[in-house]
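Right after this note come the structures.
Same chain, two partners: chain A is paired with chain B first, then with chain C.
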Partner chain A sequence: MNSFAGFVIKEFKQIYRDKRTLTVLFGMPIIMLVLFGFAIRNEVTNAQIGILDLSKDEVTRTLIQKLEASSSFQIQAYLESYEEVEGLFRQGNIKEVVVFESDFKEKLIRDNKADIQIITDATDPNLANLVQSYTSNIIRDYVKELNETGEVQKAGLNPQVRMMYNPELRSVNLFVPGLIAVILMLISALMTSISITREKELGNMEILLVSPLKPYHIIIGKVLPYLVLSVVNVVTILVLARFVFQVPFQGSYFLFFTEAILFILTALALGVFISSAANNQQTAMMVSLAGLLLPTVLLSGFIFPVDSMPVPLQIVSHAIPAKWFLIIVRSIMLKGSEFILIWKETAILAGITFFFIALSLKNFKVRLQ
Partner chain B sequence: MRTIKFLLRKEFLQIFRNRAMLPILFVMPIIQLLVLSFAATYELKEVDFALIDMDQSHLSRELTAKFQASGYFKLELETFDPSEAQESMNAGNVKMILRIPPDFENNLSSGKQADLQLIIDAVDGSTAGLIQSYSSSILNDLNASKLAELNIETPSPQIQQAKTINVIPQNWYNPDLDYITYMVPGILVVLVSMIGVFLSGMNIVREYEIGTIEQLNVTPIQKYQFMIGKLLPFWVIGMFDLLIGLALARFGFQIPFLGSLTTILVVAGIYLIVLQSLGLLISTLTHTQQQAMFIAWFIMVIFILMGGLFTPIESMPQWAQNLTLANPIAYFIKIMRMVLLKGAGWKEIQFMVYALAAMGSGLLLISINRYKKTTS
Partner chain C sequence: MPELAIQTENLTRTFGDFTAVDNITFEVKQGEIFGFLGANGAGKTTAMRMLTGLLTPSSGKALVSGKDVYSEAEAIKKNIGYMSQKFSLYDDLTSEENIRFYGGIYGIPDKELGKKIDEVIESVGLGDVRKQLVRSLPLGWKQKLAFSISILHNPKIVFLDEPTGGVDPVTRRQFWEKIYEVSDQGITVFVTTHYMDEAEYCDRISIMVDGRMDAIGTPKELKQNMNADSIEDVFIQLARSAERGDE
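For the complex of A and B:
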């Protein structure tokens, strides 16, 4: 036991001595949260649009003013003809051109009907969709105003929409749990896998193996410092999220930390597993990168909803630990769920963890070659 | 020249000798391109919803049928107990609750407002927004047709006078709003970048860590020869991967190639040098592969997330948009999308290419300068 304590202390020293990496380790969650909190969002603000007004009368002027007044748009160009649209779009800054047909006002008065064409640059379909629906909303409101003077249309369906759990639809509420998962994967899995393969690559593994330490001692000693680091990072993110970004936290902190530690163990187990398979740091790193980070970002529902994926990928996503962790954390933070509601996800996560721990213990070779 | 030739041979031998590396270099990018392109979509598939129909009328059933027929909604739970529906949402089984109060049909046919309630699970804000906009368009359609029916029965001159402005949407370059078309060029950029930054950068720090750098330092190899020997192999591999990726995009995903392929390849060549120099710089600043790796990864995550790949750069606040001016990934993603999807030519992208070239030469100079042929 004494030699084990010594080994653990050596590992801690080795990591905490490297100030550069430590700075990054602690600075990273902060920078990422700030970037995510302020910069990365799906809402559209100040989209640059162009106007092609073939009519130039009072009605179109009012509508243009309404578009300009909205915080979603910024009118960047006034066009004279259709031919200019192509060039503008190609430059890439203008996302939408609103076209008013000629004699707009006359048509509206005479036929009660006029056309507006909304041309979007749909290379980004999501953005195109959003700007288009914002514009239509502004136009619809205007039409309502026009008609209200005549006291029309009281009757009709009147849907009342209530957004549960996240009434302001803030992206940061959604991203924080995902961010915790990504950072934990990064620290726990990547760093462990590299630090173990490093011993192999530098030839120190022989020394460790002939020492009286048992293989599981070596693994635990390697993993422990990163466990501590990860927990500190979870706390940092949580504090920032609560107090800087006012992300709600409805559930129990105890439950949250228990689940977080379970996920850290999963990530550590993955790291150990990768290191038992890889022979040098470069391989370990590329495998963790391609096999862990990208799936954690893309297949877990962090940014893109799992429900939107094709069925085969949804099946694949079941094998991604981060997916289950995300469901758990979102439920705890935003919905205030009790353990009863998330025991299934927890059980799956625990299962994955045990599977990888068992696999890596089996794979961890006591002999070289 | 001969020195470089031998160096290159040594590097290539070293790369291809590592059996574990080969699938990572050539198979993994393809798998990722396939998997990630399909995964990265905001498109809404069937949403499970719960129905609380207190009215049980003709109209309420018609409304429910409309929702189900739209292809976006699937009835998962029908109940009269609001708390049961709420629990189901808490457990994550339904994403929306549609609640129709009693007298719904009566209200509508007697010309009053007919209220109904939509409760949406907004944990994922963008999905919630989509659910809302799809359901309101269903409701609007139904509303219009019901009001028209009402008008025929009890004609009211006022309603016929209502002015309408028709909105005619037109989506250029991607009329079907197909997300894959948009994502594939961006994901290609990310895959190529990883090879650029991680592999070439790690290479030098590895020589340090293992100690072989001293052997290289005592040889008469010049600094620039050494750098070329380190950079060129992964440049070639990166370009090769890009070509495979482009072929897959063209023939597998049917991405339109409106612009010229040569432009893309030239820009990609410059871009790879930028990222490789970045990797080199990182490896001259660090002492172990773990450090280098970690810093490189950190920078890459920020570059990718701020690169406009997943969330539009236009949505960021101004200061963050200014930061992207220093982000090579943002430039290349934008160039790829503009050239491939919109057919932009040299005229539209030249300034971005200049920026990339400036970054590349700057980074390369700094890192060659920092690499000393002496050990301290």
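For the complex of A and C:
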């Protein structure tokens, strides 16, 4: 036990003395959260739009006012004819042109029906989609108003939409759990794999293996400091999310940290596994980044929903620990789920963890022989 | 009859089709300084790794301090010290911390460790810089420190893998004085080297060529047998027959 404690102390000292790594370790979560929280968001503010009003009556004016009043839009140009639309898009600033057909009000009163054409610049499909749906919402609201005041009789369905758990559709609520997964993966897996391969590269590993220290002492000693650092990072992210971005936290903190530690263990096991295969720090870093970080970002549902992926990729995503962790964390944070609701995901995550721990222990021993 | 520190019989290690170590049989007596010579790729490091328990032999027998390398690897580990070719101290720890760390790994109790640290610091002459990071020390000092650390736990045998690579002749000379000191304490020294003058300092030497042990004996015997003036000549005569190039 004495020798093991010495090992862990040495590991902490080394991390502490490597100021650059330390900055990355503690700076990265903050930078990433601020980046994702402020800069990268799915909601639209101040999208520049153009208006082509062929009718110029009361109704269209009100609608334009409503668009203008919304913080999502900024009316940048009033067009006179269709010919101008394309030229405007080519300039690149205008994301959407709203076209009201001529005799808008008359048609609305006479036929109960008038057309609004929404033309979007779909070079950025996500943005185009958002802008389009925002506009539709504003128009729909107005139509509802008209119905209520009885100015226009409109038959048909009137859908009532309610967004649960994230009513404002704030993307930061969605990003924070994903960010926790990415950062834990990065710190736990990347840092452990680098730190173990460094011992190999510098030749210290041989000395350690020749010593009476058991291989699992070496692994645990290497991994323990990063487990502690990762937990510190989770706390940092959580505090930032809670107090800077007002991300709700509905569930139990105890459950959350238990699940987080389970995920950290998965990542650490992956790190050990990578380091047993890689012979130098560069390889370890490349493998960690390409093999772990990319799938974690792209296939876990962090940014792109798993359900909208092609079937083969959906199958691949099942093997990605972050996918299950994301489901768990989102349920706990946003829905306040109890363990009973997420036991299945937890079991899968635990299964993956044990698989990789077993694999990395086995590989570590094989390397000894 | 003196106890044997190392005893091997037809020790062999293959990697796929490649036979890195080919049926070597030799003995090293307790307290001896045994030089282990060979060109690059001759199989020295592989042989050493088998003896230190880093690699399992493919076939053959080997006893290290009377313990079997197959079944008693853990017991062997307590009885040996090892200083590798690659530099083995932690650059970002101080000399003191390095000694404490390795001492701890070998299970030296805290009480003794303090005294040991002072002893080592003094014997290497690191008094003024004991709290400095190892990174800032000259190579010669680092190597002396690494050597002292490898014998911290009073092993029966110490394995030195090219311990003096890249240091100046004066420091090498000092290093060998330390080796003699250690040998006088009864510790067996098993050392690989590229420097032929160092081979002359050994009690006995062996020369490996293409994984085989082509010569073994005292430096004097080898020179007489091969009718050579120096160990360098002996080595060149043997190494010329090698089929494996530099790796």
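Here, the second predicted complex is superposed on the first by the 275 of 369 C-alpha atoms of A that agree within 3 Å, B and C clash if a C-alpha of one lies under 4 Å from a C-alpha of the other, contacts with A are read in each partner's own complex, and residues count from 1 in each chain.
In this section, a contact is a pair of C-beta atoms (placed from the backbone, for glycine too) under 8 Å apart; a residue touches a chain by one contact, two chains touch by 3 or more.
Just so it is clear, the structure is predicted and the values come from calculations on it, not from any experiment.
J.: Classify the contacts of A:Q132 with the two partner chains as first (chain B alone), second (chain C alone), both, or neither.
T.: Once the two structures are laid over each other on A, A:Q132 reaches chain B alone.
J.: Taking the superposition as given, does A:D18 touch the first partner, chain B, the second, chain C, both, or neither?
T.: In the superposed model, A:D18 contacts both chain B and chain C.
J.: Answer with first, second, both or neither: which of chain B and chain C does A:A347 touch in the superposed model?
T.: neither
J.: Answer with first, second, both or neither: which of chain B and chain C does A:F304 touch in the superposed model?
T.: first
J.: Looking at the overlay, what does A:A319 touch: chain B (first), chain C (second), both, or neither?
T.: neither
J.: Going by the touch definition up top, name the partner, chain B or chain C, that contacts more of chain A.
T.: Touched residues of chain A are more numerous for B.
J.: A:F7 contacts which: chain B (first), chain C (second), both, neither?
T.: second
J.: Applying the touch criterion given at the start, work out whether A:V228 contacts chain B, chain C, both or neither, answering first, second, both or neither.
T.: A:V228 sits against neither chain B nor chain C.
J.: Identify the partner contact of A:L202: answer first if only chain B is touched, second if only chain C is, both if each is, neither if none is.
T.: Both partners, chain B and chain C.
J.: Output the chain A positions appearing in both contact lists, the one against chain B and the one against chain C.
T.: The overlap between the chain B and chain C interfaces on chain A comprises residues 18, 202.
J.: Where on chain A does chain C make contact in their complex?
T.: Those residues of chain A that touch chain C are 2-3, 5-7, 10, 13-14, 17-18, 202-204, 206-213, 368-369.
J.: Of all residues in chain A, which touch chain B in the complex?
T.: Chain A reaches chain B through residues 18, 20-21, 24-25, 28, 31-32, 35-36, 38-48, 89-92, 95, 108, 112-129, 132-133, 135-136, 139, 142-143, 146-147, 150-167, 169-171, 173-174, 182, 186, 190-191, 194-195, 198, 201-202, 278-283, 285-287, 289-290, 293-294, 298-299, 301, 303-305, 307-310, 313, 316-317, 327, 330-331, 334-335, 337, 341.
J.: If you look only at chain B, which of its residues touch chain A in the complex?
T.: Touch list, chain B to chain A: 18, 20-21, 24, 28, 32, 35-36, 38-47, 89-92, 95, 108, 111-129, 132-133, 135-136, 139, 142-143, 146-147, 150, 158-159, 161-175, 177-179, 181-182, 194, 198-199, 202, 206, 209-210, 286, 288-291, 293-295, 297-298, 301-302, 305-306, 310-312, 314-317, 320, 323, 334, 337-338, 341-344, 348.
J.: Quick check on the complex: what are the chain C residues that touch chain A?
T.: That would be residues 52-56, 74, 77-78, 80, 82-93, 97, 100-102, 104-107, 109-110, 133 of chain C.
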